[in-house]
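Structures follow.
Each of the two complexes below includes subunit A, the first together with subunit B, the second together with subunit C.
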Partner chain A sequence: MSVFTRHRPPASAPAPVPEPAGARGADGPVGGRPDGSGPARRRIAARRARPVPGTRIPLGMRGPVAVSLLPGLVLFGTFFLVPFLVLTATAFARWSGLDFAWSGLDNYRQMLADPVFFKALVNTLFYAAASVFVQVPLGVAVGMVLALRPRGWKTLRTIIFVPFVISGAAYALVFSMFYNPRAGLLNNVLGGLGLPGRDWLFDTATARWAVAGTFVFIIGFVVVLVMAEVASIPREVYEAASVDGASTWQQLTRITLPLLRNVIGTAILIRLLVDIGMFDLVFILTAGGPDDATATLALYAYRAYLNGEWGFANAVGSVIIVIGLVLIVTVRRVFRIGERAL
Partner chain B sequence: MGTTRRTTLVTASATALLAAVTGCGAGTDTSDSGEVVVTCATCQESPTDPFLQYNYEAAQRFNQKFAGDYRIETIENANAGSSDDRLQYYQRLALADDLPDLFQLNSGEIKAMERTGRLHDFAPSLEADGDWAASFYDQAFDALTGPDGQVWAIPQQRDAIGIYYNKELLEAAGFEQFPTTWDEFEDLAVTLKGQGKFAVALDGDWATKLMWANLIGTQPGGAEFLGDSIADLEDWGDDPAVVRATERLRNWHLQGYVNADAFSGDFQNAAAPFLTEEAATVPNGPWFVKTNLTTDAAPGLYEKTGYAPAPGWADGGQGTVVVSGAGWVSGTTDERELEAVDAFVRFMSSQDEVLAQAEATGANPPVRVDAAATDAADLEPLATGLIEQAADLEYAYPHARVHGPAGLDTSWKNLWPAYVKGDLDTDEFLQRLTADSASSAQ
Partner chain C sequence: MSDIGSTTAGRRSVWANILIYGFLGAVVLLALAPTVWVMLSSFKTGNQIFSGEGLWPSPFTMQGFVDAFTQIHLHEYMLNTLLYAGLGTLGALTTAFLAAYPLARFSFAGRPALVAMFSLALALPLVGLATPVFFVVRELGLYDSRLGMVIFYAALQFPFTFVVLRAFLVSTPPELEEAAMIDGAGYFTTLFRVVLPLTRPALATVAVVAFVNIWNEFFFANLLLVSEENRNVQLVLAGFKSQFGFNVTGAVAGATLVMLVPICLFLVLQRQVIAGLTAGAVK
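The block that comes next holds the complex of A and B.
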């Protein structure tokens, strides 16, 4: 028995029999060539174009169905579509809430001429990179270890998950005390070790790193995702590997890790989308300073909003949206999110 | 039912509903008993903010006195206290034409709100009642007026803002009195540093800019900068008084005279070292007594605390910040509600109420009060002592916030740490501070 199945209760249902590679599409068995191309794909497209029997709305039911959709459409329109359209349109205007004038691409020209915009962009990407290259790998590693169910794993899982449910604002306040150069824990510990302390959050050399240090260790969400995914891997896979003589390390790196591709991609995607809109943590810790060393795009937009430059703030918001879309497409492609691993 | 009748019925119902809905926001708001009801967004109870708590109690007294005619209805408002979001909150309400009937703003916020065109102008009321207008101190309205003589707010206080000092720490450093020149202050700082203490506790925002204003205002021409040319948004680095003050203040940080955590913008970072007696002085207004000095956080500290004006650059050149602070503003346009608002602001500026406020908060009256009544009111001696002393000082000047652009606080918090730590030189700091602060004034 593999280390991955040793402590796991037997599955209540038999594991599904794997089908030949390429035999399944997103909608189930379709037949055709193993690579899914050629005439078979055309036949699938033709089949999809025809309405599935029983799925057409009967003529007399269209009214009630439309009415039942109405609340959802109203909510979608009110809280997404209208704000999105306002943001998109006013990104091309000088708008302070009081005055309004179309200005074409002026907001974008102003943005590209402002060095603070590039500082905020670089900082935002820095925080995103900290998530991708530190937070998620750390979470995956810890999740894989806890999936082995070592002694006390439930307690550890709870301890690791707790910071995730603490609000960003509360977390920021705790860390502002932690980094306090006069009375903070970090400088006191360093002093105890005979090392010099410094003003971590308000020194341009360390501020960005200090901010990143507050969130890269919040790995509870990734750990829980990874543990759930590891639990869903059929134990037969590990048993077969054991029979073939694979070591624990080999099972970990050759079976588990590749099968976590989907969940790792999802975790990265979620983190990236959080990071490109990062605001509360930075706002409370440093307000973007010193000298914009920790400012993010969201904070940059907020400052513009405070200054009454609402159109400019919305132009920055549109840049954040575009970056988000690019990241979504890129991560989905790189990690082939949605494709089955087994 | 025919189609036409159905259509007529639906149209009539919709019209009635629309009329009812639109009617909610129009007309005088009256209670069942016929009282004119006005909403107040800064009259809520507060266990932590003595000003809000005083407003609440004053509103209850107003309701008792004017029962049957006017009544103040309190709006629970998360943005009632001073915060970065307060101005945005009221600007949004102004855009929606939904400002409260009564609320308070500081002078910087009033300047920004002026552009919305939704604030009530009190000038006609003051002109119509010369006695009431004359009861206010000179310059009480200076930072609360518009370009064409409008009076956007009725001041609630008029304070001298000085420097609190720990008499025991000063005596231990060989100073029987608070220094009267900045050179003496630095001598004190050197001695205190040798004893492991800080000379001054700052926060990177309010308290730091108070010291900046003191260093500027106690130079010839400094008061003119703080009261006038700061608003011109020319490069502030062109003013030699500003340059000297800025560099001297930075030097205090570099020499270790200031607490190391003086950059967060959180006043508690300044209050804490003073309350724990690690720092010998802290600049702040009279309200500091109620909010910090006499709380459980610092037992016994009040008795050893003095309150002094800022030292000067030369002998006899001391000065102090004098501000009118927050004022009462109104967003209503309804005639009867304005009558109630008028009654309320007169009530709040009456002798009894300004003395009650002074007792509750430590803030000084914006109106002239009988000396006998003041004595009888047993006001906070630290605060009243300084406001009396202020009349004899060489310099009196506003805080940089009063006439400075609304973006000054944000820009200062962002740039000041970088300047102190050597990332910017003085020219670049002041030039960028001017430009960044000005962006909100465009």
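The block that comes next holds the complex of A and C.
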């Protein structure tokens, strides 16, 4: 039950993970559908199983069940829950790791008085906008086109997915070379076309755009989500539309696109949650410069941590997490994730 | 497996095909050109890299790859990363499987809260927790330690692994386990002899994704490691940037090798990677 996808009725919650290899035709959609409903056979199997409303724990098994839960709880408690509680408490304190003094809302006041905080906030929102208005639409378009199964679609899907498994640090290195004013590919190509080059990452006019340019083409994940969703739309819908004389373009825009509402919402939500915590690329590429033109909230918090202002860093961290929570609630509502379209 | 209606490739007009392949070609170029260019550069000499001249390596050299191992000692950091990713994945899989089963099968007080909490941890931007995580890790004596990194990465991958495994178990019919329990098998016997084999495909899927996630992890490695000898490969890549002058061919070749590990895993285990990512709808 992911917060990204629709709520499923627990009684028939289907598996999001595919069955063992071979159970699905070679041409099957990649992966499980995000909401898990797959081939009918599996759906029937899932309906027969009704474990979720749940049997009570059988007599004499309470002990083993507790033992079974324990390692996960310890791990989660230690590295998520305790830090979360520490964050919540120390966001309202001056804290350097050694000295501790309650300070009420001082950290938040300091934040609101700092122009760099607003720069970091605006930059973070800029990257989020790049995701919502460029990356996700591009991914949806490519996913829809590939779902038409043009010749070579499988290979193209694989190629387009590759950037998604490359790390942020590696990507930062790639683009620090790509944007390099002297030896970078971009300026060389522009020079070949007779256009002027510039120091893209360290010019306040272009820095943010250059950073956004590194990740907006990482669309493989959206493509795969969209293709899986398209594959689940009943064929009859298109057959009926064809009979009525609808062109491919009309089918795409009038049938497919509206039915993708849920998955588009999911993709946007996932990207926004990544963007809100964006750090690696910016930290390695520009360290937030020039003149904080590329700094993000996560980087701003990290600087405070390096300065030993841990309470302040945690106040910023709390802002990041609260924005994340607000995004989860609003995006789910705006895209009505959880309601079926068909 | 519904293809979109009757619009198969054969029946599309030439213009439609030009449009489709033109669009896809442009996207592939924009998405991959910088990476492919850097990978090609790993066969170039330092002079050619600095001059930026020519797309193809000329002269062609493997010196960068030699430097990556002899001078940068990339293999040592790769071994570290392999340790973190391998054992971290194993830890996440074990703890998540043990927790996912009872939370998928039985109803008891606190179950909805636990499931919601684990799912939320998967979604929220955890960089917000940086300082407290550092604090907790330091207090536990796990700062700058290999063991600490393994444990922390197991924890970091726990929510994702849990969510996917639980969803899988929820969809699996319980008859087999019930039969085993009626026959007198205990909880753990049933779990490991009956449930585990059935869960293998889901375990394989999450294992690949968790492994790649840890292999690629930078933020917490940067926060929790300081010694040269404990670094993971991503820290080494980030270091190249600040000391770019020192051995550019080794750096470029090293970055290529570090990227190739998840890329090769993806190409070989494509089905698992994509299934795992869509299932967890992570990152």
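As a convention for this text, the second predicted complex is superposed on the first by the 273 of 342 C-alpha atoms of A that agree within 3 Å, B and C clash if a C-alpha of one lies under 4 Å from a C-alpha of the other, contacts with A are read in each partner's own complex, and residues count from 1 in each chain.
Heads up, the rule we're going with is that a residue touches a chain if its C-beta (ideal position, glycine included) is under 8 Å from a C-beta of that chain, and two chains touch if they have at least 3 such contacts.
Predicted model only: the values in this text are computed from it and were never measured.
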Per-residue touch tally on subunit A - higher for subunit B or for subunit C: C
Which superposed partner A:Phe126 touches (first subunit B, second subunit C, both, neither): neither
First, second, both or neither for A:Gly97, with subunit B first and subunit C second: both
Contacts of A:Ser176 with subunit B and subunit C, given as first, second, both or neither: both
Partner chain(s) touched by A:Gly288 [first = subunit B, second = subunit C, both, neither]: first
Which superposed partner A:Tyr305 touches (first subunit B, second subunit C, both, neither): both
First (subunit B), second (subunit C), both or neither touched by A:Thr204: first
Intersection of subunit A interface sets (partners subunit B, subunit C): 97, 176, 180, 182-184, 305
Complex contact set, residues of subunit B against subunit A: 84, 87-88, 91-92, 95, 112, 115-116, 204, 259-261, 263-266, 269, 272-273, 407, 410, 413-418, 421, 423-424, 439-440, 442
Touching residues (chain side subunit A, partner subunit B) in the complex: 97-98, 176, 180-184, 199, 201-204, 287-293, 303, 305-309
